[in-house]
Structures are given as structure tokens and as C-alpha cells.
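Naming follows writing order (A, B, C and D), and every chain is counted from residue 1.
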């Protein structure tokens, strides 16, 4: 889960990372009660980068300018996103702008500290310019100093920058973050440092144990792991075949096969692996129904392919879940046609059950793919 | 630094260890604004144990009784201590009372979890009755479960008690405690647990990095380590010889020698080792003067023995610090006589300087001891 | 990993996954000696005794080789540390979505203690006809000589089924797990299969994200001389970058697949460079295997 | 501990203790190769180069054996971890009052990496006439054959002075440190002295609190055959229990001496049981030593 800049900065403040005085602006009229002295920077609060170039950041010197600028920013989409809030922040005179980040490196299974003396929004950072330090043992401040030295800092900046990196790391660990980034970290003429912009991505899997962060998304905070909840998502693509599948690998393989056969997926619902802690056989059946409903309602879906493999839910249980869903639907001649691919000892009875309600049911994946693609191209669109 | 029960419970509450609704009572009149429904327990807030038996804990059923009981408790010294505040707390119906503690075992260099199913204020716990678990690697909850099993708990109590132990451990580490104790942990008929009394000792050396705890002593919180500050303490004993010494080992040896020679120490000031991070040679000289002043003002001090060994402050610098202190004193025929023991290359010049102002100066410790003891027994008391 | 003399434990015995999968493992003949669920000491499931803690089970039953971990995601780290502290050196973590920083701590401890960890988010290991350490659907597998490794769950079932239907049984199938931070790598299991006498050929069922397939390709060139066939899922998967302002720098994530970027093309290129035949669909794997085995056999007999 | 081929580093070079004690060590001939103080790279003290980090110094000067740590108490843990991460395996921590839980983490890492730690709160090691790793006052010591070990600072100086004045020089003097959690034990240093060719007899200068003297007495019976003389300070020290409601249970503390209870009587009893002569005042130590050496010599020459 990504945080907006003002949410990230609230965490920075909590951890003692210096940030400028700032105020959240929900409406243009909030600017009349602004407590920060002018000049002020107004920043669009969106989840994407590049807002500066897009016009989402404006410096203003008085209330009249501020209201005009805020109106413009509220009405400016950035990568398709309109901001719901702006951040009004004091101006800072940075002599130098650094880039700092902490993230988890999957290959080495270690947190990585990243830094560059070429920070700032204009910078196109590449792997090569970034200095890296692997936190290969329990963290201690010297890892942060190691980064500062690799960044070629010297004198008092070694201590002031590594102190920031250390706080970023503590935040990273204490809040289970996927990423924490400060770009730029402004360095003033006197050597003081200030987090001028920040990005925080919270790990979704750990969100359940951070109710404070969980609440930032506007959902009710919960203490249960993500995998214990059962919120299904439809991920839209651009074709006309809906896919209901379980497991990321099998879902990807199914999409690949559809493409290869000339089909165009309209999107998919992945019910997830069976290792999902809370997923009982009964819940799998409920999720099949929810998944079919999501696909039915999705834009452009003409044919649905159900491809499910399970070690504990039999083919006939899956079939009866599909059948029970379909039997509750009012007749609609424009409803997507469903093709089911099932396997296992009970395939025959499952096939019989579904054939009886005119749902083609196959056990070979390639056959099911061919059937679905051919239907998706038929005239009955 | 020991915390009072109500301070310990504030930490418990912060960490999610269940405590009863309670209210701090500074004056009897505070009881009129009591927000906890009667019956209520009033408890003397003193640093020593055994207050229950001493009459420092009273159950009261209404405001009139409460005020009378509070007056009695405020006027009841426990081991010589009068309480400055009381704690008014709800009553709890415990079916069972457990003992739990976490402390650091010096020999194994590991935190120890302690527990007994025979908790409560009446219990005379001994090493043998207490179950112990060494936290020999990074902590994880299973250490707490290991304690619960050793305590012979079963069923749901394993989880509820080990959850408390885990929170105690987290508090122990996050606040640098020397000791955290819950005694008793009440267990209700329904299996709920409640910390009914608690004791927390904060590590003095780490206090500088916990300004929140540091402030509890009524001093201004500071972030510097204790050894960077220079507060000298006079530790009173019962004789008439004051000792100014540096280092615990040498101070103890000096006290032992005085006793052995028939002398009676009135107390001592230990200037500490030279490894004290912030102690410069100049500060050592200032501390010598402060130490002498503390000893001069201490009750019963007739003779003062100065016994200082240093690798960076020469005998003549020590001598001049003593001389400069004495020369600033107004003449007082009852001021304690000072005997100085010094060593090193500059002993001769140091001796000369001090002899000139009639301060006997010797280089052999046994000789200095003999001289001091003989003076302490002389008629000029 | 030693699968032959295993005495096996299940952590999370009385929790949802335990009660669901333990019967499957038992029916397959897996020698489960005990289950762990704090507070449930003295109970039994299908004759298997339950203990409060791992060390209690060991005290009562003697040393245990392997633990299958089925507890909820936030308790996996503690369960694994408990097992390692009790001397268990083989862990199979079936639970999905363990927080990555928990896995960092877990794998660090595993390295320090010499513990083999499979998962997290792994259906585990199946030795067809002999042993099920995890949740593979047994009916898809048949004993044979093909070793399967994958990061996927259901996709490895699909491939096993395809092989079984083509008359190619399996010597063993292992999923190293689908979470971001994993206890063991393809490389470890490639070495295992290389040494496994029953395995004649290997199928690596990969997917986009990360760089473990690329690493495996390199490792195969250097250390594996049994035939290897690869299949990589995700050629057409949608992409989304989530890293931040300088997002393209390190890593990106694929929407809903919880996989860092490691593009399909890069993985295929790595396989090609290592001269590993790549199937373009699961149903092509049996043919490629048969070809490779036919080609390889004379060398083996020479 | 290897003191002969030492290339030495000082962490905290530009901090108060560094600037105060480094000249003393240099004057004594200690081969200090570099000092560390973040932000001071490029500066020098008495010709010794200063670096920002330990690894920088090693990169420039080659491997370092030993680091003397003089940074402030809350930075000791990090300094020690930095030194260990850079491969240094001998640490002398002079700084006093390091928080105990920091020392727990420090010593755990030291054990894992095979690092010898002296201190915290130790004046360090002196090899009279050769090497000063710490802050012992050199003028109290003379080269000779008596090995000194202690937990104290100034008290070990007192005993050394007494020996020197009695014509008994010292082979080496080590304070293992006065803080509650220490990196190395008497036992380790007793073994060192047992093997040290120059050491003919050992003086153990103990004090009340803890049980390290009791352990040492046991260890001497089992593993040390050079003569040992003990002196224990604190017979008359005031006591105060600070542990809590069940205070007598585990440990108590002696007012202002920062020492857990280990009573004088118990320590003396342990020494008696191990047949170790105990001096009742520092000035008695030379006589006891001379007796022990006279008694022992024939055996050694036999």
C-alpha cells in the first residue's frame, strides 16, 4: 500500500526525521486558515511521481495566489489521478539535494540502504548512480555511515545523513515497509538536513499488524493478516475473456495460453493459493461464486474460463458451487458463457452436473483454452 | 532507578498489559473526585515491599471511609518511607495469583524470565520455587510459552500468560530495565489475567536515552549517559572517617583497611573510574573539591582520607586541587583533618605542597590508614 | 534435505490448515509423529498426539527431523524459531503471505543453524507414492523419474498432472514457495535432484519476477548434468511499477502477482544461453522431456 | 588474545578519552596504526591517521588485530559491531557504564564471531615495558613474572604498585572490566596466564558482587597449576537490596558499587576450598607470592 506524501511525512515526524511545517488542504477555503507563513509550496497529493513536471507543485506568495493555484492543482489530473488533498508546506532553501531509500532486496534476502548525492525530482536515477549497502546482519548505525561514505559525504554530513538513514531503517522495520524513500533530502548552507519529499510503501501482508497504517486507506483497521481476509480483486485487461483461476502461476500460465491461442483476456480473478491460511473448502466455494459475479459484472467479458486445481476441494464440489451460482441468476441472454476446466477423480460427475445446465466442462487445459478462444471470437458478441 | 507502582502501571498500560482502572491520589481531597466506583483499594506508593503487612493497603467502600483510610496511609511510614501519593484502584476478584518477572542474569549474560504459580504478597519466593527460562538468543514468543509450561500452566492460560510475559520482555528491552515484575498477576474465574501489582527498576546507565523515564524522578530529563554527568554522591556509614577515593574496588579496599585497623568510616565519596567518558583532568580536580565539600558537610566526619590513583592526573595536580580547596575555606578549628595518600613520580613535590599547609601526605596506603585511624581516635573529637 | 529417515511434526495442528491437511498427509503414509498447538496438550488427531510446544514433543518422542508449519502468517516466524531452537533442521512452511521482514529474520537464523527451509507459501514436497510434506494434491502425481521444481503452487500441480497423463511419473516435486523472501533457492534443489538417484530429468516451472530463474540457469550450466526442461509463466502478465519516484531503479511489482520484476524475456534469454529447452506451454513439456531423455540416455550408459 | 603481532586501532580517537589516552599509549610504544572518528578522515594525531570508519582504515592499512574502544557509552555497541563487521577479533572497551542490554547484544555477537572482548569499563591490558592497550598508569608497573587479573580499575593499579615496590615485576595485567555484563571472564584470562611463558604466578584481585570469583576458584582447581594468590575487596561494604518484592531471590546490589551480591564470605570460602591463599590486604600480596613461588619452584624445575 502506497502512502501519500503527507501521510509519509507524518511517519517521518513521529520518528524524528526533520520535515518542514506543513498543513493538509482538503478544500481551497482551508487556505484562509493557513498557519504557515508565505511563501508556501502547494503540492498535489497523488500516488504517482512526476507531479512537478506535470504542474502539480506551485509556489505561492499570498492567499489570493494560493487559492488560484490550489484550484488549478485540484483540477489537474496526474497520470489520470486527481488529488483529493493538497499539502501546503514552507519553502526550504536547499544547497544540495540527496536521494535516500531503504527497501528489501529479494535476491539477497537483505534490506538495502540506497543513497545518491544526485537527488531531486529532476534526477533520473539509475542503478549505477545509486550507492548500495546491504544490511546483512542485525542493523546498527555503522551500516548507515557506510552508506554515507559510499555516497562520498565527508565531515559533519556523515553523521547528519547517517542519522536520517538510521531513522529510515527503524521506520522500515517497525512498520514493515516495502519501501521508504526521501527524495530529495535537502541540505542547507549550514549543513542541516530536511526531508523535502518522501514516499512510503507499506507491505500489504504485514498491514494487519499495523492498525495505525491500515486505517490510512480509509478502511477499518484490522489486526488480521491479509491472507485471512477474503477480498477478491478483478484485475482488468483489454480483451473479452474473463478468467477465474487459483494461484498466481496458474493464472499467468492460463493468460499466456489464451494469448497464444489468439484470445484476449478481459481480466482475471485469482482466488489465491491453497496455502492461504483462512481459506476453508466452504470459503473456496463462496469465493468461486464471488469471482464469477465479479467477472460477470466486469466490462467487456463475453466468455468466462474457470480453471481451478485443488487438493482438498473436489471437482464435483467446485462444479456444484458453479451450478448453484448459475441457478440463482435470472435468465439473461447477454450473460457471459462459462467454460469450466476441472480435473481429478470426480471429473466425470462434475462434468455431468455442469453439462446438465449447459456449461461446457473439459479436463484438458489446452482443449478448454481452444474452446474459450473460439467462443470469444464467435458472432454472438 | 525504582519506579513507584503507579508509574510502573502506566508503562504496563502503554504496552498493553492489562491493569485495573486506577487514579493517583496526591491529597485526601482528591478522593472526592474519584472516578472509579467503590469498593476501591487504596495503596501507599512507596519504594519498598511489604506495605500490605505494614498497613499500607486498605479496602474502602465509600468516600468517608476512603478519606479516613487515605489519611492513615499518608501518615504511615513503611520501612521509614512516607508515601507522597496513593493509588486508588478498582477491586479484582482473583482466583489464582501468579508471579512473573524479567531481569538480566549477569553470569550467563542473558535476560531471564521468571515465573511461579505461587505468587501474591504473602509468598516467600525462593530460587527453587521460581521457574526460570534463559533468553539465550534473540527473543521470540516461544520463550514465554516455555516459561508458561515450566510453571505447569495448561490450556488457554498458556497463551494468556505467555502473552503477558512477552509484553514484559518487550518493555524490559525497549526501556532498558533492570527488572520488571508483576506480582501478583491475577487470574479470574473466566481465565482473564490482570497485573495487580508491579515493580519496575530502570537501569541507571541507560536512563539518559529514555527521557520519558528519566523525568519520573523529578529531575529534568537528559539524553546524556549517566557517566557524562558528574553528580557525586556521599554514601553515609556510621563512623567518623570520611573517605574520598576513585574506583569502586579501591574504595572498598580502603574501607576494609580502615575497619581492619580499627577505624570507623563515616561514609565515602567515590569519584569513579577513569574510564568515565566525560571525566577530563580538569573535571577530576573540580570533583576532588566537590568531594571534599560533601565530606566536610557530612555528619560525624572527623578525619578525611583522600586516596586517589590516576594515570593522567599527576600527584602534584591532585595536591594542588586539595590545596586550592583548603585555602578557600574559612578557618574553622572543628573542620575535619585531611590525610592525603598519593603516589607516583611527582609525589615529592605533592607532599611538599601539602605539608606546607599542614596536610599530612603519605605514599604508602598502610601508613596512611594507620595515621587516619589514630587521628580518628584522638581526643580532639 | 533428508527425506528418507524423517520423523515429522506439524505446527498448527489444531488450527484450520492443520485439521484440513494433516489427514491428507497421513493418508498418503507420511510418518507424522506429533502435532503442536499451544493449549492442546493431551489431545489427539487420528491417533497423533498433540503437544503445547515442540520441545515437549521431542522430550516425549525423541528427535524430530522435519516440521511442517501451518500456523497463521504472523506466527510463522515464532513457530520456525521454536522448531530451530528445539533442534529441528528441516522446515516446510506452507502458510502464505508471511511478512517479508519476518522471513528475513527466519532465513538468517536458518543459515546460522544450518536449517533447510522450504517456503513460505509453498505446497511443500511430494515424493509420489511415499511421502507428502505439505498440500500437493496426491492424485495428480505418479511415481517415476522426473524431478519437478517450481515457485508456484497450482501451476506445479498442472505440470505434474500433464506429466502423469503423458506417462511420465515423478521422483519428487518441490515448490520453493511463492512469497517474496524464501528459505531455499532453486539452486539448492537442483543440486538435490542432481544427486537423487531416482531423478533422470528435471523440470523447472518458473514464473516472471525476481531473478531466481536466471540464477538457476547459470547454476545448471555449471553444476547440473541431468537434462533440464524449463517452462516460464507470465509472458503476458500485466505490469505495474510501484517503487516510487525513481521507480524503475531496483524493482517493480506485477499487479496482483506479488512478484518483483524479472521479465519473461530476460528469463527466456537466460534459459537459452544455458541451452535449456523451454516449453511454450505445459502440454509441450512431456515431448521435450522425452526428447532430452532419448538424447541423454546413451551418454548415461556409456 | 594475541598481543604479540598486534596492529591496533583506536575508536573514538577525536573524542575526549581518545585525545587524552592515545598519547599515553603511543608513548608506551603501543603500535597504534589508526584512529577512527566519523567526519575526521584525513586528520592526524601525533602522526596517526584518522579515518571515518574502521573498514576505511583497514582498506588503507591492511588487517587490524585489535581495537581499543573509547567512544561514549551509548555508542560502544555500534563501535564494537562495526569493528567486528570489519573483521577485528580483539576489542578492549575502556568506556564505563555501557547499558547492560547493549553488552548482552555485543557479547552475543562476539561469541558468534569468535571475538575476544575486554570490558566494558576496563582500564585494559598492560604488558609492562612493551604494550599498553588501555589506560593503566604505566609508572606503577615494571616488567616481571607476575600475572594480574581483576575486575577493578584503580585497585589493580594499587596492587601493581605494591608488587613493583616489593620488587615483583609483572608479566601482564588485565582488568576484565567493572560493568555488570562483561565480554570475557576470569577463566579465559587464567587460561591465558597459565599458557603465558613469562608468567610464574598469578594474582587475582577480586571484589564482592556476582559470582565470577567463585567460578574462577573452581576453574583454578581444575585447570591452573601456576601459583595463584587472591585478594577480595568489599568485606565491609554497605549493602542494599534493590531487586523488588522478592528481592532476595536472585540478586541484590551493593549501594554505589554497581555490583550484584556475591558476598565476601562466599568468595573467601570458595578460595579456601580451592586452596588459594587470600591476602587480607594489598600489602600482604608480595609475601604470599614469594612464599608460593618458593614452594612451587622446585616442582617446576623438577
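The rule is simple: a contact is a pair of C-beta atoms (placed from the backbone, for glycine too) under 8 Å apart; a residue touches a chain by one contact, two chains touch by 3 or more.
Keep in mind the model is a prediction, meaning the values are calculated, not measured.
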item	value
Contacts common to chain A and chain C (chain labels)	none
Most widely separated chain from chain D, with each centre as the mean of CA atoms	A
Distance from the mean Cα position of chain D to that of chain A, given in whole angstrom	55
Chain A-chain B separation of Cα centroids, rounded to whole Å	52
Overlap residues in chain D, where contacts from two or more other chains coincide	none
Multi-partner residues of chain B (at least 2 other chains)	137
Graph class of chain-chain contacts, one of line, ring, star, complete, other	ring
Inter-chain touch pairs (all)	A-C, A-D, B-C, B-D
List of chain D residues in touch with chain A within their complex	38-39, 41, 52-56, 75, 77-79, 81-82, 85, 105, 109
In the complex, chain A residues that touch chain C	2, 49-50, 99, 101, 103-107, 109-112, 114, 121, 123-127, 130, 137, 173, 176, 178-179, 181, 183, 197, 199, 201, 203, 205-206, 208-209, 225-228, 233, 235, 237, 245-253, 255-257, 259-260, 265, 270, 272-278, 280-281, 309-312, 343-345, 364-366
Of chain D, residues touching chain B in the complex	15-17, 20-21, 24, 70-74, 94-104, 107-108, 119, 121-123, 135-140, 150-158, 161-162, 178, 180-182, 205, 207-208, 210-212, 215, 233-238, 242-247, 249-251, 255-260, 280-283
Touching residues (chain side chain B, partner chain C) in the complex	137-138, 140-142, 145-146, 149, 154-159, 162
